[in-house]
Amino acid sequence: MSTPTLSVTNLRTHFFTKEGVAKAVDGVDFDVAPGEILGLVGESGSGKTVTGFSILGLIDPPGRIVEGSSIRLNGEELTKAKPDRLRAIRGAEIAMIFQDPMMTLNPVLRVDTQMIETVQAHLKVSRAEALARSRAALVQVGIASPDERLRAYPHQFSGGMRQRVAIAIALLHKPKLIVADEPTTALDVTIQGQILFEAQRLCRDSGTSMIWVTHDLAVVAGLADRIAVMYAGRIVEIGRTADVIERPMHPYTKGLIGSVPSQNTRGHKLAQIPGMTPSLLKLPAGCSFKSRCPIAVEQCNTMPELVEHRPGHWARCWRAIAA
Amino acid sequence: MLVYIIRRLMQAALVMVVMSALVFAGIFMIGDPVAMMISPDASDIERDAVRASLGLDKPLWLQYLAFVNAAVHGDFGKSFLAGQPAMQLIFERMPATLELVFFSTVIALALGLPMGVYAGLRPKSVGAKTIMTGSILGFSLPNFWVGLMLIMVFAVLLPDLIPGFPRLPASGRGATVNVLGVRLSLFTADGLLHLLLPALTLALYKGALIVRLARATAREVLPMDYVKFARAKGLSENRIVGVHVLKNIMIPIATVNGLEFGQSVAFAVITETVFAWPGMGKLLLDSILLLDRPVVVAYLMIIVVFFVVLNLLVDLLYSVLDPRVRLESRAT
Amino acid sequence: AAQELKIGIKTEPSALDPQFHTLNPNIQVGAYFFDALIAQDAELKTQPALALSWKAVDDTTWEFKLRPNVKFHDGSDFTAEDVVFTYERIPKVPNSPGPYTIYTRSMKSFEIVDPLTLRIHTNGPAPLLPLDVAALPILSKKAMAGPAPEGKTTAELNSGNGLVGTGPFKFVEWQRGSKIVGERNDAYWGPKPYWKTVILRPLSNNTTRVAALLSGDVDMIEDPPTTDLAKLKNDPKITLAKAISNRVIYIALDQHGEPPIGIPDTNGKNPLMDKRVREALSIAIDRKGIDDKIMEGIAVPAGDLLPYPMGGTRKDTPVDPYDPAKAKKLLEEAGYPKGFSITLGAPNGRYINDLKLAQAVASMWTRIGVKTDVDANAPPVFFKNRDSFKYGAYLAGWGASTGELGNALKSLAATPDRVKGMGTTNSGRHSNKEMDAKLEEALVTIDDAKREALLADASKILMAEHGLIAIHFEVSVWALRKGLTYPGRADQSTFAVDVKPAK
Amino acid sequence: MSETSLVAPKPQTPFQRVVSDFCEDKLAVFGLVLVALALFVAIFAPWISPQNPFDIGSLDLLDAKAPPGSVSGDGKLTYWLGTDGQARDMMSAIFYGMRTSLFVGFVSVVAALGIGVVVGLVAAYAGGRTDALLMRIVDIMLSFPAILVALILLSVLGKGIDKVLIALILVQWAYFARAARSAALVERNKEYVEAAACLALPPSRIVFRHMLPNCLPSLIVIATITLARAIALEATLSFLGVGVPVTEPSLGMLISNGFEFLMSGSYWISFFPGIALAIAIVGINLAGDHLRDVLNPRNLR
Amino acid sequence: MTAGGAPILSLRGITKRFTQKVDLAGKIANSLGAKVRETVVQAVSDVDLDIEEGEVVGLVGESGCGKSTLGRIVAGIQPQSAGTMRWRDKDVGAMNGGERKAWQLAVQMIFQDPFASLNPRLRVSEIVGEAPRVHGLIERGVQAKYVAQMLDQVGLDGSYSTRYPHQFSGGQRQRVGIARALAVKPSFIVCDEAVAALDVSIQAQVLNLFMELRQRFGLTYLFISHNLAVVEHLSDRVAIMYLGRLVEIARAEELFARPNHPYTQALLAEVPTLDAARRVYKPIAGELPSPLDPPSGCAFHPRCPHAFARCKIERPALKEVAPGHLGACHLNDG
């Protein structure tokens, strides 16, 4: 593998709230290679979004990236970067796409304003040139009559179009990495298809790396090169898509796969993971999944490490192979 | 748009009819205008004559019908007290009130908006808490008290105590210039000086309101996804606060301020009384106390129209500020 | 600027047409621009003005000799024509809320003997005609010419059109609510005013008015509030001018009969019908204390309806002494040893300290056992209540513009009679036939001395009966910046002509 | 299926949560203390006042305008805060004034809130013509000057605190009606309202049992602000001579009456009531402000 | 599913228009030369659908195509503008008071948003127990017991009844919503995107619950969703909706195996599956047109790869293409 675009090691992002310390992300490691799409999967509250925001340095108080974490973009350490440098990186080298397309664009500013300001935030170019770039970006994501669309306000767009505008904004500076946080969850299947199509084409054509966050394994199954499964602030399994889907090693991953309804499940009970995600405020010692795990053993009271059980296929489970 | 205006005007007409009927009944219930105005030396016969000449001898509903009939033809009656068309009296006074309210709005915005946004950005800071506590005083101190205090302090005490402290005029309107046939004092130094204290009195309340509103909306807008997205785009903090946040804050501020503008115009009564400001609020107050019904009715008519126009402007402004709003759909 | 006088007045006139509204501020400002045939001096005694002399030719005819060589502001001559025009215009003024016909009601016809001699024929004996005439400023017939029946209309006069008189000042402008500006009439027939320009600014709020004076916005104000007098007195930059006024503050007691109004605990008996009770209520009032504590020394305890030496007053009028012990005894004699309850009506903001006065009186009455509840209201409400007899007792004021007792007695104390115009403001409905007779005789007696004697008798009867309780005469106060003097006037008017720099 | 492994959140009622959240802000607690103080004084005025300022028989004009700390003419009483122009002990007057002001403020705001909420909710739920009609009435009320309303009432019904109360209610309910309507319009489109409709619950129940509790928090915050406004408005009416009866002065009236004494040096007649008013209002709003944050539905999640 | 017999619910020509009328002001404006027209959103057009007792019918379509509106009409929350709805062979429009209430309670709805659909200020005991009590199904005294029983049915502990909605997770909230519906003993449940807001793992729990309840109480479902996988998992029959109209109805296996309408085909192509093979997405072109101004003819023609001239002019009718399989496409004629 060539040098990764992004390399995250031991990322720990904690929220210091009045109820206690919420360890939203607690020791996450992964790399993203150039042009690679990494699917980050996990149930609600498992820390996917926080991981994304951590990479962009957008954690608001009371949250903080804890000492000892490391996020490297092409070798540059971001956790130690100055605010100005971070600002320069955001939007230019790392871009982000948010979940809800209805909320990510400022409703009172025209689309051109929101695009031009992004161009000008990182490049000293004239308005006209910024506009030309913006137009080009809209064309790239397949928006028809871009000139007209530029002069419109977000509310005049459908959800799918808005999400495409958001992607266009992310593309303006040809970033090395795009963090897409559930960008299709709020959209229809047909529109989701369009967005997935754009994303795929993009990475293929421009070599941009992407982290695609979702809670729906099915979405990333056909898209991602590799999949990372998160649970309670940690990555519990990571590997090539085919490996993870077809030969999952962590019981949680298995549970997830089993709970996806499909043709084959018709008339049957879906497999379901019992119980709920434990509160991040008081995680039990050891494996945080043990209370819901069908195959938990005594050993699970100590935290397992993320171990490469097969080539390129890592899992954080004592019984990974046994399962 | 046209429909919208027409709908508004129809509602205004309705409100006017009800309002004038209420005023007729109300003044009738308060007392006898003639008893207020005529010389106490006058005999009953002379009083009856005056009543007849002012049309007050007829049954109330006849008086009202006569009024409506005349009003439809554009005649809103003559002031009992001044003998002049009530509308004319009010229009004479209107510029003074408008410029007072306008100036105070400017002051309130200039002071209130930055303070409110600051308090919204740093809600836990000492500065924010001071601002918020101060703003409570701003809208809870009675207007007349603030006005009189300002007069005492800036027109009397400070200049007396500190030699060389500029003495602000305590009352009345300063030199005026004629702008398109309207007398305005906004454009002369003397005029502005006279405006200062009364405008400040009015601005205190408004400013307090703006501070609170700005803070509240800032707190609502800041956690929005689009603010975070703006950060993710790498925009500078200045642009985020100054454009993305501020433009969203301006929507409620503009709406509320527009409506408050109307309220202030309508009820600048107290400030005008305290500062002997020759505006229409003072006219209204005097007219109410002297039961000068035509003026009160005409005044309220004007205010209704004024509110309608203002609402319209506010809605227009609203649709300019907030592109999501289409006027037709907000027709209430 | 030099020779500019700015006066903070309490109330703005409603019109500049001197025949539109019989309102004190109108009358006051009228005197800046116009003269009447007769003027009233500071004590309200008649003085020659545009008329040099006048006399009653017979019971129903008065003859006036007019002052020669008087010019209107527009340079035209003043003649009897102008006077007749003026008087004849009065009934034609439309929509007047306070018509001047109350001053012309006795006038039957006018006779111009020669340009400077005028005779007025009256409906009956009109002893007070000179006083009526004094209330009627003379307009210029020429300047007043216009298409309306009344010549120039009120609206035109308000804008200055036709506002041409013979008075000490010429009209410059009126910005409603803001200021009235006059300029010295250099051709004035009388003593010329010192001031080149005079500006009247309406400042109705007491505190604002004082602040305006203190801050130098104005040179002089009317009626500083009593609470500020002490401070103003000690202020080295301010002088005060005072004059006892023609306004009496009194309490009227309901005497229409039974059941009483607002007295719930006497089993339907009206204690106020009893002279002893009325006396008790009067002597329960500590007029001196009120004068000191509430009026800050600007009131004179009253035992009559006008201060001496105005027409019909007696030099030795006694003021009811403060004697709560005796008051209690009188109540006991009258059969109210435990007193009773009563509501005292009062206006709020019509007379100097009216509300505080009512409260003080209530407190004093309560101390002798008459539990008093003050019902103070905004003036329109007060007047309505008073005129519809809602009060068992009410506090009010009366300023006899004529400066003689006939006016006050007729309005406040005579038995109400709609046709004769008697007792128009007698809402306590006190009635005393003996007094009525004296008064009615006085009202048709031309001879001044005889008339005044009759009035004195009438008022003596009234006061002995305690038909009304007179409390005090207001003392009018003006505050001026140091270096100005003002002699003060009994009618509470502020005339810029009389304001002069101190020598 | 098992739900037992779930970490059960403490069964804390919203009320308990509000209380515990509220107590976190020192300033708000301080505000609450001020309010408690004001309420104490107001409620117990007749028992803790040195003098009954309503009993005009006990006033001796000779003691008028005594500075703070003077002793009364009969030596029985010390006027800690001085006396006013009527020889009323300022401290007693303030206690009673607080009573009147808070009474007028609270009652008028609560009543106005009640009327406004009903009108606003009904307008929002019914929509159409009912809505238009109710809102026009609100418009009329909003443009009707308070002083005119007060004057009409005083002249028709006579003098009294209750009349001032009615005037204040008449003037203020329209604000609440507007606010309640816009809050209800938001609530009306929420799915829980549809759910209630689907359960065939009667409309009155949907409006008052379901929508109302969700509209109230924002209205209560408006109410704390309006309370301050109401007290100020009452003071202004007193200033214009159409306020509470002189014999039952409110703080606003004490301030406005005392104001004329300010220039002559008898500062205490206006100053102390002013301080008292400020304490009450600042207290109410400090507490109210924080209450707003605590009641914010977003914190309910 | 019972063969034969009257369907439990039968819709004929159900249409829903949202109209903004031209009022007096508009008329005046028109007389002044403005062109104010009535705006009509035809959210549901001419829907015919029979649902048998015990059946699960899936309703699928893009956002804004009128699924929720149809669901609300069925649940009696909104009246239709035209068409008739028969409940157990009785015209709903002609029902008397008692029948009406029985129908209203018999048809219940479960909503998409587990946060907005529960009143945040009511305790669970009230949320679930209020309606049965108000409607006299239970006595006040037994409410607590009844609520506990309902909660138990949806797999929640009875002790939760004193809690407020915010103290639950999304899946639990959805269960409370289901308990609320079950509490009035319905026989028909409209699920409007009832699992769309839930995580996959929770979704599975809720879907299982639906299946279980169906078996236990013989419930009939109208299951609205845009998630084809979920619909496929659950439904006996599936109806596809496009811009207010039903374009295809068939038994689930049939539909997924042999989609007739081009829109259905496109939809199926989009469904993400747990298929680790890297897929090449090829989306349907274009966006959903505005219901304010629907295309002429077949509403799908602007996006349809097979569209020809006739599609622009004539609207295809819903015709049987195979036994029990209805489709609305001109291709079926050729």
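Letters A, B, C, D and E mark the chains in the order given here, with residues in each chain numbered from 1 onward.
Keep in mind that, in the parts below, a residue touches a chain if its C-beta (ideal position, glycine included) is under 8 Å from a C-beta of that chain, and two chains touch if they have at least 3 such contacts.
Bear in mind that the values here come from a model prediction, so they are computed numbers and not experimental data.
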Shared interface partners, meaning chains that touch subunit A and subunit D: B, E
Least step count from subunit A to subunit E, where 1 means the two chains touch: 1
Chain pair bearing the highest count of C-beta contacts: B-C
Distance between the centres, which are taken as Cα means, of subunit B and subunit A, whole angstrom: 53
Geometric centre distance via CA averages, subunit D-subunit C, whole Å: 44
Geometric centre distance via CA averages, subunit C-subunit B, whole Å: 37
Centre-of-Cα separation between subunit E and subunit D, whole angstrom: 48
Two or more partner chains touched - positions in subunit D: 1, 3, 6, 151, 155, 240, 259, 263
Contacts with two or more other chains, residues of subunit C listed in rising order: 207, 211, 214, 378, 380-381, 384
Subunit A: positions in contact with at least two other chains: 272, 276
Of all residues in subunit C, those that touch subunit B in their complex: 8, 14-15, 17, 20-23, 94-99, 101-102, 105, 154-155, 158, 175-179, 201-205, 207-209, 211-212, 214-217, 378-381, 383-384, 387, 398, 401, 407, 411, 418-421, 424-425
Partner subunit B, residues of subunit E touching it in the complex: 20, 23-26, 28-29, 32, 34, 36
Residue numbers on subunit E that touch subunit A, as the complex places them: 62-63, 169-171, 199-205, 207-208, 211, 226-230, 232-234, 252-253, 256, 266-267, 269-284, 287-288
Subunit D-facing residues of subunit E, complex: 72, 75-77, 101, 104-105, 107-109, 111-113, 115-122, 130-131, 134-135, 155-157, 162-164, 166-167, 169, 172, 177, 180, 184, 205, 208
Contacting residues of subunit B [partner subunit C, same complex]: 30-46, 49-50, 53-54, 78, 80-84, 89, 92-93, 96, 148, 151-152, 155-156, 159-160, 167-173, 183, 273-279, 282-283, 286, 289-291
